[in-house]
Amino acid sequence: MAVMTYIDAINSALREEMARDSSVFLIGEDIGKMGGAFRATKGLLEEFGGDRVIDSPLAEGVIVSSSIGAAMAGMRPVPEIQFVDFITPAMDAITQQAAKLRYRSAGTQTCPMTVRVCYGGSVGGGLYHSQSNTSWFIHCPGLVVVAPSRPYDAKGLLKAAIRDDNPVMFFEHKKLYRSMKEEVPESDYIVPLMKAAIARPGRDITAISYGYTLQLTLQAAEQMKQKHGVDVEVIDLRTLAPLDTDTFLESVAKTSRAVVIHEDNRTLGIGAEVAATIAEQAFDCLDAPILRVTAPDVPLLPAAADLEKFCTVSEDKIVAALERSMAY
Amino acid sequence: MATTVEPTRIAADVLMEKQSPEPDGALYRRLYSYMLKCRMVEERIRVLYRQGRFAGNYFAAVGQEATEVGVTLDLLPEDTIAPSHRNFVTHIMKGTPLPLMFAQIYGRKTSPDQGRSAPAHCGYAPLNVITPSSTIAAQLNVGTGIALAYTMRRRPNVVVALSGEGSTSLGFWHEAVNFAGVRRLPILIVVENNGYAESVPVALQTAVDDISVKAQAYGIPGVSVDGNDVVAVYAAAREAIDRARKGEGPTLLECRTYRWYGHSEIDPAKYRDPAEVAYWKARDPITAMELRLESAQLWTERWKRELESEFTREIDEAIAFAESSPAPEGKEALDEVYSFSIRERELERKVWEPRFTVGRAE
Amino acid sequence: MAVMTYIDAINSALREEMARDSSVFLIGEDIGKMGGAFRATKGLLEEFGGDRVIDSPLAEGVIVSSSIGAAMAGMRPVPEIQFVDFITPAMDAITQQAAKLRYRSAGTQTCPMTVRVCYGGSVGGGLYHSQSNTSWFIHCPGLVVVAPSRPYDAKGLLKAAIRDDNPVMFFEHKKLYRSMKEEVPESDYIVPLMKAAIARPGRDITAISYGYTLQLTLQAAEQMKQKHGVDVEVIDLRTLAPLDTDTFLESVAKTSRAVVIHEDNRTLGIGAEVAATIAEQAFDCLDAPILRVTAPDVPLLPAAADLEKFCTVSEDKIVAALERSMAY
Amino acid sequence: MATTVEPTRIAADVLMEKQSPEPDGALYRRLYSYMLKCRMVEERIRVLYRQGRFAGNYFAAVGQEATEVGVTLDLLPEDTIAPSHRNFVTHIMKGTPLPLMFAQIYGRKTSPDQGRSAPAHCGYAPLNVITPSSTIAAQLNVGTGIALAYTMRRRPNVVVALSGEGSTSLGFWHEAVNFAGVRRLPILIVVENNGYAESVPVALQTAVDDISVKAQAYGIPGVSVDGNDVVAVYAAAREAIDRARKGEGPTLLECRTYRWYGHSEIDPAKYRDPAEVAYWKARDPITAMELRLESAQLWTERWKRELESEFTREIDEAIAFAESSPAPEGKEALDEVYSFSIRERELERKVWEPRFTVGRAE
């Protein structure tokens, strides 16, 4: 065990998987000599050489599409998208090539690729360094979408993703990169994909989130305990697609109340899918409306501090929603 | 101001001299017979389409056989073809069994894609034909990744990627060729310039006359050849492929040709001048090769008829196989989305009941 | 009045708006001499000339981004995307440039542009000519997303879109192009954006849809009337973003039951947002779970007839859901 | 194989002769003083950043002033600049008031974007500076549309679009330049080749030595100039702009230069050789111009000091304006998403009650 930040955990997962399997390689902008915009790939060029840590041209499309081809040819590429805000050039590669390859070849050609994507706000990054757009990929069958909320999961899920035979979109929250530390095994382990976690057990109300807002939700849960003696069960979705619905449905069946929290825009954020699933499959369990705590439907995130703050989810906003639901 | 560069043009006659790898002109006869087979397969598919025997659409390369055949003859099984929508017949060149190809046209369970994609959009994994999507230039991009894997694995293989001149306008095309140039990938980038992208003439695609000039933007060799001259195409492709195998990087090869029919079977192609069509039909690559072979005493009417009846038999058998193959069952639509099954998830949506009352008033 | 198909209605809207306003122009693949892949722009090159009906290079990115620039400079461009399946090259232009231009310039630079997009399945088009992906754009604040279900609306909404000062994504269903006709005014009229329609009034249950499945829903409603005497209120969303929630919430407040129908994938299709909105804002009105009738979460649509049929919404599937809800 | 083409290089000395549109070297003195102003503004912004007086980040073009100034001097108000992340100082050239520029840096309500985007990402509508997004090459693409509108409206205006050499790898760049070529748009495409895209050296971006060679792929003129020689840059840009105004189409202009500092204020730029940095600092475009002007008796220390104090005063005032400007209020985040307000929609989410009982048993 070692105390690691989220970025350390990512770095260590990459190093271990590269050492374990010679078909794993990295490609992306600035990932070599510089070690990545956030230093996720620090030291890997030196350790594994320029053939396996490729500083690519500034072209997200071919970063991903060349990875797809390499994956078809037996490699396990791990391309990096520096910011999700710049993923648009790779939209075709991801959604039309990678996601559909297995399907359109009836399983004869596949794409074991893990696209690492840095996302998320609350860092004053402004409109083009704060986006949280996971929905485009959740709405694309064939992709696995993963978004860890803590260092332990970041390492274990990334290792699982790299070994998985499906194209995985791996969302790393930039605010989490260095804002929290925890014990992380230095030995080999994985955290299973497609499985939500009960981040905090509780009996009174279910709060569902992922990524950075999962941490805020845990804080809000603690506040609810202190202030009102309310036991909040916090579900960490971890994998956003295909969604592990059973875990949160089971929780709502127990608590009868649900609040979904995410920092992406409200409309067709993952909260919509979670709420719709509950409203269809656990309707009889519900004692209160399903609430969503999200960013408003504006371009995310404006840069000026007050504008950003207005748009971001906070512990207080989550508490307010939990209180509203409990009061219902 | 940059001057315009004349791309190298290869005179086929010179090449007839230069290239004689096989005795008795066997090479030339093979080029010819493959062209004939491609033509016959596509003309038959077109008949089947008009008879309503399969659904969907088809993009015939009739008239372009010299290119389809010339750039793909004699690839190794481990080499990859990255075909576009108009390159279904390159399957013949790679060796995909004809019955499977017709099963694909019919969208049957026995086809390489088991009826999922459009009639002509299939790959063939055993012989490394990439399963194409429809996005123009996409296979070229995916192809760069296969070429990258070849270099990483130190394999002496190449990728032959095909697309039309329209593809060169897309950003994807550019990103792929640039990447191939930077990393000196073993890939042959074939641009079949047939003058039109659907209805749009090449003058509205690009302000250059020779597509091969574009190679200069990427620091790679660019060659333009008469795409209706199968020997010229073959020679140019072979040279590029040989260089790629030796680690000398990619080549951009423009083949100038023409499609006889519409963009697809539903396109009457009214945007073209009939005189233009007639001009190109008179330059039929197959007839041209017949004349050439005949003058070298490598061709007879009788041989052609033998080939025709052999191919007809093959095609008939392939169609019979396809027509007697089962259609995929509806539920199979749920398969191969992921490496694991989603059938249960999609077919049995559970409903939850309250587990216990939490003891709060409503 | 004239009896028109949906494609006639589109053509007539374009012609009228071009005649009315010299700043309106068209750009796209094959829209000139050929009159468009579906002949939506037939005759317009001849009538308005090559400066206003531009056959573009095969490059969706610059089709849209050049339109954005032209819009900034005072024009009203109407770019065409031949199939939504090929919209990926324009993702940056649409979501990062057009959608955010007004916002990031604090209202000083704007983008009055209408992107016409052909979408939809049930025509045997296979994986790359059948997609229905409206969600990416609904999940992008700054865009107006419109999807008419009938010729009358197609014309009136397109004219409204062209005159609107926001970037509009205008989704035209290819199955509807020639499959229905109705009376459409030859004179000038608009159908307002951002306003759902009650396509069929009813008191027992609310069915919410748009586009081609709206027509199937109307048929299903008729079947419910005949078979069970059940009065289905059918809501045609028409504008998918920003969503007119009031109209369907008001309906659900009356009927207490809701079924949402769309041909896009289930996960994060518009049905998720509609259901989540109802579950949050009309929870007390509900007497039954909110059901969704959608495509399964697989790449849409496989080509072979039975595969396609398995994935597509049908009148019978809608009836089954309405019956299930009524029986609850 | 295509031969490599030597792009035209313009010797600045020749140009000093050729270009003398203004008496007394006023033109040269203006070029110089603008460079000085740009430098001073950016160095001050960097100080403010290190002092923590604004949030976010900044991408200084220090070292590249000859290019920033040379391609944008004397544009008409109706002409458009399409800036990238490194071209904030081109606002000075277009005439955006300095106080507004600093308000932008501070993210204040008084700035052109009222605090929405990153510090240096603003446009200015009254003088036709496009509000940039961060997507590399995006402004160039949007710029083609403005150029298209100019041609449609028969206006004699031009667009000057700037981006770095890294941008040329992106598909967007290609689609835009190709489109400009096909439609002969009045646009000057400036590629500032400063050798790096963040940490990535140009050799990993492209296999060509001269970016201007890429013009050949699009049938447009391509020119490479010493981007640290403001007169050479100005002359090359002016020629291209004049041609564009006359309807003679676009030009690709490569300016070879170097950024003195990191990619942004948070980048220590350890990926560069200190000797390389020193080499380029010795080629400071401002010092070079001083020497040149001095030898033509167009420059004195005193004049420089006058300029410096004038600019310092302007900058101080601008900072004072920015610092005393209000920050935007949180709720304003809801404004200008659409042409209509969404405040009500977002702030008051109504709840519906059952309208009446439908008379069915639960």
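Labels A, B, C and D are assigned to the chains in the order they are written; within every chain, residues are numbered from 1.
We adopt the following convention: contacts are C-beta pairs under 8 Å (C-beta built on N, C-alpha and C of every residue); 3 or more make two chains touch, one makes a residue touch a chain.
Please read all numbers here as calculations on a predicted model, not as lab measurements.
Undergrad: If you tally contacting C-beta pairs, which comes out ahead, A-B or B-C? Let me know.
TA: By the number of C-beta pairs in contact, the winner is A-B.
Undergrad: Farthest from subunit C by Cα centre, which chain is it? Let me know.
TA: It is D.
Undergrad: Where the CA atoms of subunit B average out and where those of subunit C average out, how many Å apart are those spots?
TA: Centres of subunit B and subunit C (C-alpha means) sit 35 Å apart.
Undergrad: Please report how many Å separate the Cα centroid of subunit A from that of subunit B, as a whole number.
TA: 38
Undergrad: Quick one: subunit A and subunit C, Cα centre-to-centre, how many Å?
TA: Roughly 30 Å, centre to centre.
Undergrad: As a quick test, compute the distance in whole Å between the mean CA positions of subunit B and subunit D.
TA: For subunit B versus subunit D, the centre distance works out to 43 Å.
Undergrad: Indicate the residues of subunit C shared as contacts by at least two other chains.
TA: As it turns out, subunit C has residues touching two or more other chains at 56-57, 59, 61, 85, 88-89, 92, 96, 100, 103-104, 127-128, 141-142, 242, 280-281, 284, 289, 297-299, 302.
Undergrad: If a residue has to touch 2 or more other chains to count, which residues of subunit B qualify?
TA: 114, 116-117, 121, 133, 135, 169-172, 175, 178, 182, 204-206, 337, 342, 351
Undergrad: Under the touch definition given earlier, write down the residues of subunit A that touch subunit C in their complex.
TA: 85, 88-89, 91-92, 95-96, 99-100, 103-104, 127-128, 133, 135-136, 138-139, 141-142, 241-243, 265, 267-276, 278-281, 283-284, 286, 288-292, 297-299, 302
Undergrad: Which residues, counting only subunit B, touch subunit D once they are in their complex?
TA: 1-5, 7-8, 168-175, 178, 181-182, 184, 203-209, 212-223
Undergrad: Could you list, by residue number, the parts of subunit B that touch subunit C in their complex?
TA: Of all residues in subunit B, those touching subunit C are 55-56, 107-108, 114-119, 121, 133-136, 166-167, 169-172, 197-200, 204-206, 270-271, 327-334, 337, 342, 346, 351.
Undergrad: Touching residues of subunit C toward subunit D in the complex: what are they?
TA: 25, 51-52, 56-57, 59, 61-62, 65-75, 77, 89, 92-93, 96-97, 100-110, 141-142, 144, 164-166, 203-204, 242, 246, 249-250, 252-256, 280-282, 284-285, 287
Undergrad: Applying the document's contact rule, which stretches of subunit B touch subunit A when the two form their complex?
TA: Those in contact with subunit A are residues 80, 112-114, 116-117, 121-123, 125, 130-131, 133, 135, 138, 141-150, 152-153, 171-172, 175-176, 178-179, 182, 335-339, 342, 345, 349-356, 358, 360, 362.
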